[in-house]
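What follows is a pair of complexes built around chain A, which joins chain B in one and chain C in the other.
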Partner chain A sequence: MAIRRGRGVAAINYPTGMNLGGDPTQALVHSTPTGNFMVTLSSVDLGQGMKQIMAQICAETIGVPTDRVVVDTADTDTGPHCMGTFASRGTHRAGNAVIQAAREARQVMLEVAAEELEVNASDLETDGQGNILVKGAPQRSISIFDVALSAHFKRGRSISGRGMFLIPRSYPEKETGAMKPSTCYAHACTVAEVEVDDETGEVTVLTVKNVFEIGRALNPKLVEQQLVGGSWMGISHALYETTEPYYPNRDHGGTDFNQYLMPGPGDLAETEIIVLERPSADGPYGAKGPGEMCANPQIPAVANAVFDAVGVRIDTLPITPERILRALKAQAGAPN
Partner chain B sequence: MAKVPVQFTLNGAEKAEFIDSGTTLLNALRDKIGDTSPKGGCHQGTCGACSVILDGELRLSCLTLAETCNGAAITTTSGLSEGGVLHPLQRAFLDAFATQCGFCTPGMIMAAKVLLDHTPNPSRDEVVEALSGNICRCTGYEPIIQAVLTAARSNSQHAA
Partner chain C sequence: MELRKSYFADQRKDDLHEIGQPRPRSDSPGHVTGKTAYFADRNFPGMLHLKMVRSPHHHARIRSIDISEVEKHPGVVKVLTAKDVPHNVYTILILIQIGPEDETVLADGKVRWKGEAVVAILAETERAAQEAAAKVKVDYEVLPAVFDMEEALKPGAPIVNEYHGQNYYLYDSGECRKVRLGDVEAGFAGADHVLEQAYQSSPIEHAPTETTGCIVAPEGNDRFTCYTNTQAMFFTLDNASIILQMPGNKLHFVGGTVGGGFGGKVDVIVEPIAILGAKLTGRPVSFIYSREEEMQISSPRAAEKVVIKDGVMKDGRIVARKVTGYTDAGAYSRHSPYGAQKGAGHYPGPYTIPNVWIDTYCVYTNRTPSSAMRGFGVTIGDFALEVQMDKLARLIGMDPLEFRFINAYRDGDMKAHRQPTEGAALIECMQEASRAANWPVAEKYLSMSSYTKGA
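Moving on to the complex of A and B:
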């Protein structure tokens, strides 16, 4: 009986979004009288930072500082249409819709500014600080604050835009069965090092090293949080978490935090993440969906590391001490 | 049911309420007094999101009956900042990106404050132990641990 060490590797491709009956998300953007911009969405921020990302995307497209944008995701009864926050689709689908809406709003904004400055709208640019300038003659400028006031109180224009991003339903080709079930793919690879006690079946994850290819990281700090947290969720899926430990038998499923095992701050493995950015062609500013992808590769990597350590292939999750000990007994030829 | 009077200080302010006997401190704080900084995660003392400081000790407000708190001094996360200036722990959590969805954050900060009140210069292991009753579902434990260590260092610099 001994503590045995093993190392496992796994790599995954993970789709951004889904495609059942078509996958739309709608966004509306309008300016307030003082030149702040409102993004209205029904996509919900689950705590992953979607509002921040949508504010950045809108601000980048219109050409204003991010703190001039407010994102409202209040109410699916009254808001624009969104399929929902799932399938790692939020940034990609809603972000594309916001870009479309923000472009339309920007165009109206520039038209109003053009009337105020008595120039052609195509000769105007934004400075990203809340001003609109004549290209090549930046001393001729107007603040977006004043443009919005003019639009509302003088010229009767609505600085607003509509966005609808749709991935249409993809039907399989009759001959080959080929279809396009999703859009861009994120990628990840994980190497996990574990120790397995072959007497107790207990697994300790020593290190987990992840590389994630996620398109462009629109907010690198939020991405890091998602990836580090997701990496640990993956380990937790691999070793601890299940609502049905004897699936399909529902007995002994945890019904509360006393019984449903989750990692605590003392259960941290040494975690490393590396982010590779290869901007996607159809993503908003090159983004893909890193959300769910990042919690996947740790699971097969840990299973492979357990195999490397003690020579048993566990193909049911989570990889509990009980399952390892039963497999070790079976491997030794003993009845289970 | 007859109402029961309770009186305590919350973040230095006198509070008096009539509550139903059996009301938890968590529900009294959130529903009667309107301090929603303690969160109700599990209501059974396993997640730590409802943690408050009661007479200097860390307490799970979901397992504490409000009527046992007469005369107590209670601190919650909403009482930590002074005059708009964040408490060093709050500042450290912000700077370390130690919140994601934010649900566990008030409980984490309460647990960390009690640790630092008793142990101004904790080791990493002591921080981990102090936070071991708090679950972070976003699993941002590492930045949380780093934030607590940073706050401890900034406190000791202030003291020096």
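Moving on to the complex of A and C:
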């Protein structure tokens, strides 16, 4: 009887969005009288930081600092339609809608600034700090604060924009299955290292090294929180979780966190996250949806590591100590 | 976390002001100081609490329901049964024309899973609602149930859901969604090895910190405001509008701050019945799942069975792959026909294989309906595919990581569902993993690129 060590690898891809149903999201952007910007949506922030990302996307597109953007979302009396936050679609779909709305608002903003500066709008650029400058002659400038005041009280212009992003529905061909199920794909490769106690069947995940390719890390801190959480969830899925421990038997389902097993803080593996960025052709600033795929590769990587450690295949999730011990007994020729 | 900017540097401009910056989240101070308002933080004078009486049986006919003692229970204001729901038989994907309507808001004549909602009780306090629930008398005639997908698909199995008429979802392509490329049998015939293996998962729970729920307030002008933690505002509003036969302009949904979703809050379960309660009583209504309901009543991730048969050559090329996937939808469709179809679009994984045959089935059994969850239609498939890849590599005596390089898809490769590959990056992820994990592979794999067939 011994503690045996093994490691396993898995590589995966993951689709962004739900093209098999039609996939629209809208956004509205408008400026306040003092040059702050409101983004109005009906998308839902599940805790992943959707509002923060939409603010950064709007700010980048308009050309102002992020703290001048406020996101008002998920009120059906004010926010235009969004299909919802699922299918790794939130950042990609709503982000594209916000870009389109912000571009339209930016164009009005530049037109008002052009009138104030008596130049062509096409000769203007933003400095990202809240000012509009004449290209090549940055001493000729006007603050966005003053442009918004002018638009509201002098020029009678609404600095606002509408955004709509729709991926048309793809209908799978009946016989061949020809279809376009997604727009872009995120990628991952995970190497997991485990210890298996061949006396108790217990698995300890020592390390997980995850490489994720996500298009673009729009906010690296938010990416990190999502990827680390996902990696933890993948390990939990591999080794612990089920509402029906003896599926398809319906008995023994957990009803609280004492019975429904998940790893605690002491069970967390040493987790390494490396991010690659290959911008997607149709994503907002190249982003793809990493929200779901980051919890997938750990499951087969752990399963393969368990085999590497003790030489038994557990092809049924979750990989519980009971299943490992039964497989070890079977391997040794003993009756189950 | 580290960003490895050396990969794909030619495809990216890193000259942006706000994008790529690790700005602090504007909502985190509220979250960490407990000031963020979630839907359940709202408390209205006169608010009623809704509790469900649920089926104790996996499959049963309802002979009768007696609520006479319940209505007399102190604190009980209203008791709802199937006849009170204007459009009681519904299905959420009807919004994207995926039918038939196959589920009841409140059971009507039959229950098809243990935990199915039968009677809704609205009372002044949670305690009164709970006590009253125990006084509902339902006379059941227990019917044979089926829990195993293979059993459910056999001729003569008990029919789980009469709205389908058979224990699988009928796609326009027949009993399963199909993907076909090349000639898979010829591929097996010409392969050096053929390996067929079956993989199985069990249902799992989303386990959000905040359980599913909503609070509905009548606005006095014939409109109702629903404070909810749904993941999809209009999807829920539009389905509620159908179920309640109320024009959408009577409904106002407010949400957007959610304590974890993971796909568990895209079903439309709590909102319609809570709005109905508010409409019929004229009072605010709160309907919030207990942790037990969250774990055993709300949809889990489906259990899946995946059978993979591969033909592989000694040099590492996979020449044929046949996948048969079964998704256990439980008693009702919810999002499962979509999930099974999404699986068909995902197989055979991120590998270029000339001969592919995919069948994915959505199967009905007498268990808690499953639905969307993080990785919907893909997670279990990836588990099966990537364990299979490990087995194949060992079968031909090849390093598992090198084996994946040989088969990895690259830009321009035709996928099984007949879309050319764009923006591939699997190879680069594996190259970086090889370095990060100190898992050596031959130099020729480290010089490969997703851009071209090169190498």
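Convention: the second predicted complex is superposed on the first by the 325 of 336 C-alpha atoms of A that agree within 3 Å, B and C clash if a C-alpha of one lies under 4 Å from a C-alpha of the other, contacts with A are read in each partner's own complex, and residues count from 1 in each chain.
In this text, a residue touches a chain if its C-beta (ideal position, glycine included) is under 8 Å from a C-beta of that chain, and two chains touch if they have at least 3 such contacts.
Just so it is clear, the model here is predicted, and its values are computed rather than measured.
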Looking at A:A97, would you say it contacts chain B, chain C, both, or neither? Reply first, second, both or neither. neither
Which chain, chain B or chain C, ends up touching more residues of chain A in the combined arrangement? C
Is A:M109 touching the first partner chain B, the second partner chain C, both, or neither of them? neither
Answer with first, second, both or neither: which of chain B and chain C does A:S42 touch in the superposed model? second
First (chain B), second (chain C), both or neither: which does A:G264 touch? first
A:M233 in the overlay: touching chain B, chain C, both, or neither? Say first, second, both or neither. both
With both complexes superposed on chain A, which partner does A:N219 reach: first (chain B), second (chain C), both or neither? second
Regarding the shared-chain residue A:D256, is it in contact with chain B (first), chain C (second), both, or neither? both
Going by the contact rule set out at the top, does A:A27 touch chain B (first), chain C (second), both, or neither? neither
Using the superposition described at the top, list the residues of chain A that contact chain B and also contact chain C. 46-47, 49, 221, 224, 228, 233, 256-257, 262
Would you mind writing out the residues of chain A in touch with chain B in their complex? 46-49, 221, 224-226, 228-229, 232-233, 236, 256-258, 262-266, 268, 271
In the complex of these two chains, what residues of chain C are touching chain A? 1-5, 7-8, 11-12, 16-27, 58, 93, 96, 98, 114, 147-149, 172-174, 177-181, 197-205, 207, 230-235, 237, 251-263, 265-266, 291-292, 295-296, 300, 303, 328, 338, 341-342, 344-346, 349-350, 358, 365, 367-368, 372, 374-376, 378-380, 382-387, 389-391, 400-401, 404, 408-409, 416-419, 422-426, 428-430, 432-433, 436-437, 439, 450
Sites on chain A touched by chain C in the complex: 7-15, 18, 20-22, 42-47, 49, 51-52, 55-57, 59-60, 63, 65-67, 73-77, 79, 81-87, 128, 169, 172, 174-182, 184-185, 187-191, 209, 211-213, 215-224, 227-228, 230, 233, 237-238, 241-245, 247-250, 253-257, 260, 262, 272-281, 285-286, 291-293, 295-297, 299-301, 303-304, 307, 313, 315-318
Which of the residues in chain B end up touching chain A in this complex? 41-42, 44, 46-47, 97, 100-103, 127-129, 131-132, 134-145
